[in-house]
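So that we are looking at the same thing, I have put the structure below in structure tokens.
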Amino acid sequence: GCSGNKPVATENGTSSGKGTSASSNQVYAIIAKNTGNPYNQAETQGFQDAVKEFGGKSIVRAPEQPTAEGQITIINQLIAQKVASIAIASNDANALEPVLQKAMSAGIKVLSCDSAVNPASRMVHVDQADPVKIGQVEVQAMGKMMNYTGEFAILSATSTADNQNTWIKYMKEELKKPEYKKMRLVKIAYGDDLPDKSTSETEALLQSYPKLKGIISPTTVGIAAAAKVLSDKGLAGKVYLTGLGLPSQMITYIKSGVCPWMYLWNPIDIGYITGYVSKALVDGTITGKIGDTFTAGRLGKYTVTKAADGGTEVLLGPPYKFDKANIDRWAKVY
Amino acid sequence: MGKRTKNLGRFQRDWSRQVGLTLFIIAVSVAVDIRNPRFFSVVNLSDMISNTAILSILAIGMMIVIITAGIDLSIASTMALSGMVTALTVQANRGLSPMLALLIGLAVGVLCGGVISVFVVRFSVAPIIATLGFMNAYRGLTYLVSHSNWVGPGQMSNGFMMIARGKILGINNLVIIAMLLYLLAFYFLNYTRFGRQIYAVGSNAESAKVSGINTNHVLFTVYVIMGAFAGLAGVLWVSKFASAQGDTALGYEMNVIAACVLGGVSLRGGSGKLSGVLLGSLLLGILNDALPLIDVSPFWQSAIQGAIILVAVISNVFFKRRVEYKTLARRNI
Amino acid sequence: MCDCVLQIRGMTKVFSGVKALDSVSFDLKAGEVHALMGENGAGKSTFIKVITGVYQPDGGVIILNGRQVQINNPKDAQKFGIAAIYQHVTCYPDLTVTENIFMDHLEVSPKTGRILWKRMHAKAADLLRHLSSEIDPKTLMSELSVAQQQIIEIAKAISTHANIIIMDEPTAALTKNESEDLYKITDQLRNSGASIIFISHRFEDFHRVADRVTILRDSQYIGTWGVNEISEEELIVAMVGREIKQMFPPKTAVAREEILRVKGLTKTGYFSDVSITVKRGEIVALTGLVGAGRTEICETLFGIMKPDKGEVYFENKKIRIVDPNTSMKLGIGYLPEDRQVQGLIMNWSIQKNITVSRLEMFSNRGWLRPDLERSKAEELASMVNVKAKSVNAPALSLSGGNQQKVIVAKLLLADLKLIILDEPTKGIDVGAKYAIYEIMDNLAAQGYGILMVSSELPEVLGMADRIVVIRRGRVSKTFSRRDATPEKVLEAAMPIETAALCQE
Amino acid sequence: MPKRKELITGRKSFSFKRFFLQWEWLLVLAFIAVNIFDAAISPYFLDMNNILSSTMNFLDNAFIVLPMVFVIMLGEIDISVGSTVALSAVVMGVFYDKFHTPMWLAVLICLAVGALCGLFNGMIIVKFKEIAPMIVTLSTMTMYRGIAQIIIRDQSGGNFAPWFKFLSWGYLGSIPFILVVFAVAAVIFGLLLHKTNFGRRVYAIGNNEIASLYSGIQIGRIKLIIYTLTGFMSGVAALFLSSRMGSTRSDMATGYELNAIAMVVLGGVNIMGGRGRMIGAIIAVFIIGFLKYGLGLINMSSQVVLIVIGLLLAVSVALPNIKKSGGKQRKTEEA
């Protein structure tokens, strides 16, 4: 469900709750991918809400650029502060291994959320949605929109983005099913999460493939840029767009039909669960092995399961669908 | 006869770069069009030109700065800040007239440029350092004022988005704005005292001082102008992409500098022509537009782009050396 | 009182403890050409810069037309009708001639503020024609030779309609012909009522244009004389404070075996088919009009430029010239024409400037030995008689002549066999000139071969064993010391067209 | 020869005021201030282990600062270093992962690739003097990272041999290995700049390239060496960064060039060339490093840190000129 919380301005700094449990003296840290991104903002907000709820102290950090180098520095600083747990939305699955292992050997509980680190560098991962599911629903949506026939393309972020590549991999798996045999994926373009590059990539797609009937863009910058190009060119209803987008960025385009519907999860909830997983690890309620269970505040009970990469994870649920009916409400939240 | 060769020499001196660039642009265009005939379609060309408009506007300001032997690395951050402030204002008052929005952006830009001017002129900080510092500071400020949020199309007024989308006589507003600014800058640089003083200061600051030009005043104004252009470009950017983000135009300063240098603006100061800068912007614009079109692997794009810039500047050197050699050989020795 | 347009009383200027001007007084009458002379470092340029507002004086008053004035900056000076041509050409290399002339008073339409290019180009062309120069006003300043740039500077000063015009060594870079033109211009200016301060080290200048002369020595005012009241010898005594009997030292060296043979050296656009030989102990002069390509020939021999054709034999071995480093290793040294830019690192100390070309002499496997460096630099600096507080003084604080001496010291350090000197006495006072001539002769006696570029005929005739005249990049004639007369040399240097034009 | 008329023997007078007003002393003061500040704001700072181990966060970048001092001393600039780091690291990863070369060989290849990148920059800059070094390195910046992308595509390389981790994470006694290596490298570069012919010639070129040419200095050779050295040190930085991250990818070390330039300039090296000292740049490395670390320990948002560092750079370089109204440039007398 919706937390109803408005994102609060103070992204950073510590805030302490008034709880009295054993966790109250503990410090829980979360590291987002980078600053200045509303998605990360919402995610860390959820984390802070959870920590406040159970009465701990939270630290929110993020490097100014989405790089592993910046995250390593931050983790080192957190180790020096002897925090109880570190949750991280990683910029590189493998690059954080040495530093996270150092953290774990210093007795700090380490978990990843949103974008996983490799199993060796974490105790558990909080997964927003099953990547297989994400791949599937997007191809299914595209199929429905373009009537299962014709050409479509994918507009991704950078060519090095791990989660993008995983989703694209599962999209291709899904496409092998017979119902999509008349659909053809003509190109994977990379807009590097830059509005200008995403725009010219979209324009190039339209130029190079005049018969193009759809675009899947599993990235918030890409989908917004593509939507802008399609609506500027008056292609609503001719070229369909779907993917993963932020409701507040996409509300206009969903209403105008350029993007009939799209998906995302609730980043606030990811942060929120991450907060509770941190607590559970620190309290010793769970150790991160399969079958462990814990309660995540208002979201209820969760179980640790096996993750696709061989580690363990806590799965939030299926991706959430945004369409004309619910976009108004969500656009106000994030 | 003597006069003829002399004039030809001047033509080569003044226009060789432009001719070379034009040939290079034509070569690249034709090569691209062979791979993808859609390149020369009206739609693509007009997309490309409007995508290049903002770059070409910034290049004017950068050229003026570089003529004074300076450089401005902060422009992308100034763009982000002015774009963000304007977008936030628009978000708060949807009814705000687009004209006013442009003015707000301009004001933010002028302010940003003014602060840099103070450091460069009053405190004699090398431009590359002052602007490197404020590149960080303005970027940080952008994140702070936006509280790390974005302003999306949903929060913008239609009028605001029409700034970049609208057309006059079938020509995109951005292109019109760019053309107006080029005309204005052309007059300013070539037909006003102040314009020539900018060249003088860049060519030899010492003698400018000795001959009574207020070099501080010139330098101060130059960075303010650059700020104004960046402020304006920030608003246009946000309007065009309907999204104001903290990382707007990150790293864009390098494209602008590259456009200037391709256009023959010497980093040592003193020389630079608007026609060259326009062609330089156009070449970069074409590369940005063409690489996705010719379907090279995305992994190859940036290597190709870097290599083409290098080839362009190196071939210009060969071209220039050849011209020089020919002029020498024509001398009656 | 007097009919003076400009009076200076008790002018003092101190640079970080050093007095460059010590209570100097000076009168400039209306419509006179007033020569200002003195040794290098006497304070002439500083004096000028104080008058034009480049420097602020530390004491003294400036009285203009009977009124005491304050000149705070060059703009003020311009307003008071004072224009200056500085010793070191101050131009805008990237701008056109027209702009260089008019930059500080660009003509604009009074209504729109639009620059009137056509009008200015025409005016510039007029001015230049007036100065009997053929330069196209639309050429870039950087494309002009030093002499041509000098002419532009003069045009610039005239264009402001100043009534006081100051020229700081305007003839230093000019040949005789060009100097003649300048004299004519100076006369014209005087006749039109302007007053002129004319700084020069050349006595011909003094005789030809000046009405009166003021001498400065060691930052102090020595005296003012009418041009006919003082003989050259007396002038020298006043300037130097001692007597110098001869202009040129007696020749002691004898020519020995050949050291350099250049055959058919060609560089497209600069010179072609140049053949020269230099023997040990011999001084060979390259002369000709400015712009004839003498500098380029020397630079090619030194390895700054690469020749297109031709052969160079050094000590009877054919050599390939690669770069200055290899040339110096072979034993060829070069004293460049522009000491401020090519010769010295201006903000470095004398010591570092002297040693920079031969650091390996003061180092042990690449590690510097400051003690060795210092003692050698001190030895050389005093050998050529550099006037400075210490070898730690920056080159920037030296006067032109002393700067030149530092470069000579730099050459003496390197272990050379052939020394190429490009205008070695340009802008140097009599005393220092004589010292440099002595050094040259001494070097020749030690067996060095010397190739000297010079535009000053007396110097060429007085010093050289052989004279090679360059015209338009080609050797036009070669004279031995005995055969050479000023007329013959000049004729050989004159452009062919000019000769033809005269006949028409 | 003329006789000795005036003996030039006056020694440079020693002035305490001048000595202590040198930029480097101000930097030392700033460094002490930063440490006091850090200790005051965070209880975690004054822990010798923390202080020492914090150096691993910024020292890999600092390896590039050393040769960058030379580049800027020449009055030039190299903005391709970040991309060179990425390319050499990526090539190392590929050789180790794909071609299964021994780790030591991969390390050598990494260094060689770095040096080659630098050599390429140097050759173009020397051969085509007409092109400003900033432009040459601007295009190779795009190109090198592009080549890294071509090589490794969207993958990341790594899984290096266990000992490789020691570079960034290991200790010699209680001192981080990287700190020891950096100290050695800093001393070598400092001596090279201040105590050798080579260094003196670099100063000469930076002060007046034309006069240096006429003095027989082999400018091309020196530039080539310096750019190659810069590339090589980028390779060294790539080793330590890869060790820190345990993996390589094409987008690593972004922004390293501007960081390095900022530290060099903060260290008092004049961006126009010819003036400054190695020690200044080294102190600047630690000032910025410790300041960032301290602000991180109080969990200051990286956005505010961005503003602080930006202002620090602009203001500190402005500082010596604020009092002087004439606007004369600060002059640090070089060794």
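Chains here go by letter, A, B, C and D, matching the order in which they are written, and residues are numbered from 1 within each.
The rule is simple: a contact is a pair of C-beta atoms (placed from the backbone, for glycine too) under 8 Å apart; a residue touches a chain by one contact, two chains touch by 3 or more.
As the structure is a computational prediction, the values presented were derived from the model and not from experiment.
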Provide the labels of all chains in contact with chain A and in contact with chain D. B
By mean C-alpha coordinates, which chain is most distant from chain A? C
Go through C-D and B-D and name the pair with more C-beta contacts between its chains. B-D
Just give me the whole-number Å value for how far the CA centre of chain B lies from that of chain C. 43
Distance in whole angstrom between the CA centres of chain B and chain D is 30
Using CA atom averages as chain centres, what separation in Å is found between chain A and chain C? 73
In chain D, what residues contact two or more other chains? 149, 153-154, 303, 305-306
Numbers and ranges of chain C residues touching at least 2 other chains: none
Multi-partner residues of chain B (each touching 2 or more other chains): 139-140, 143, 148, 266, 299
Which chain pairs here would you call touching? A-B, A-D, B-C, B-D, C-D
Within the complex, chain A is touched by chain B residues 36, 38-39, 41, 43-44, 47, 51, 139-140, 142-143, 146-150, 152-155, 165, 237, 241-243, 245-250, 288-289, 292-293, 295, 298-299
With touch defined as at the start, can you tell me which chain B residues reach chain D in the complex? 119, 121-126, 128-130, 132-141, 143-144, 148, 216, 254, 257-258, 261, 266-268, 297, 299-307, 309-310, 313-314, 317, 320
Which residues of chain A touch chain B in the complex? 7, 9, 11, 35-38, 40-41, 64, 159, 187-190, 194-197, 199-201, 203-205, 207-208, 210, 221, 224-225, 228, 232, 246, 248-253, 331
Residues on chain A engaged by chain D in the complex (per definition of touch): 11-14, 35-36, 59-65, 67-70, 72-74, 76-77, 80-82, 92-99, 102, 158-161, 165
Across the complex, what residues on chain D touch chain C? 1-2, 4-12, 195-198, 200-201, 204, 207-208, 210-218, 220, 274, 331
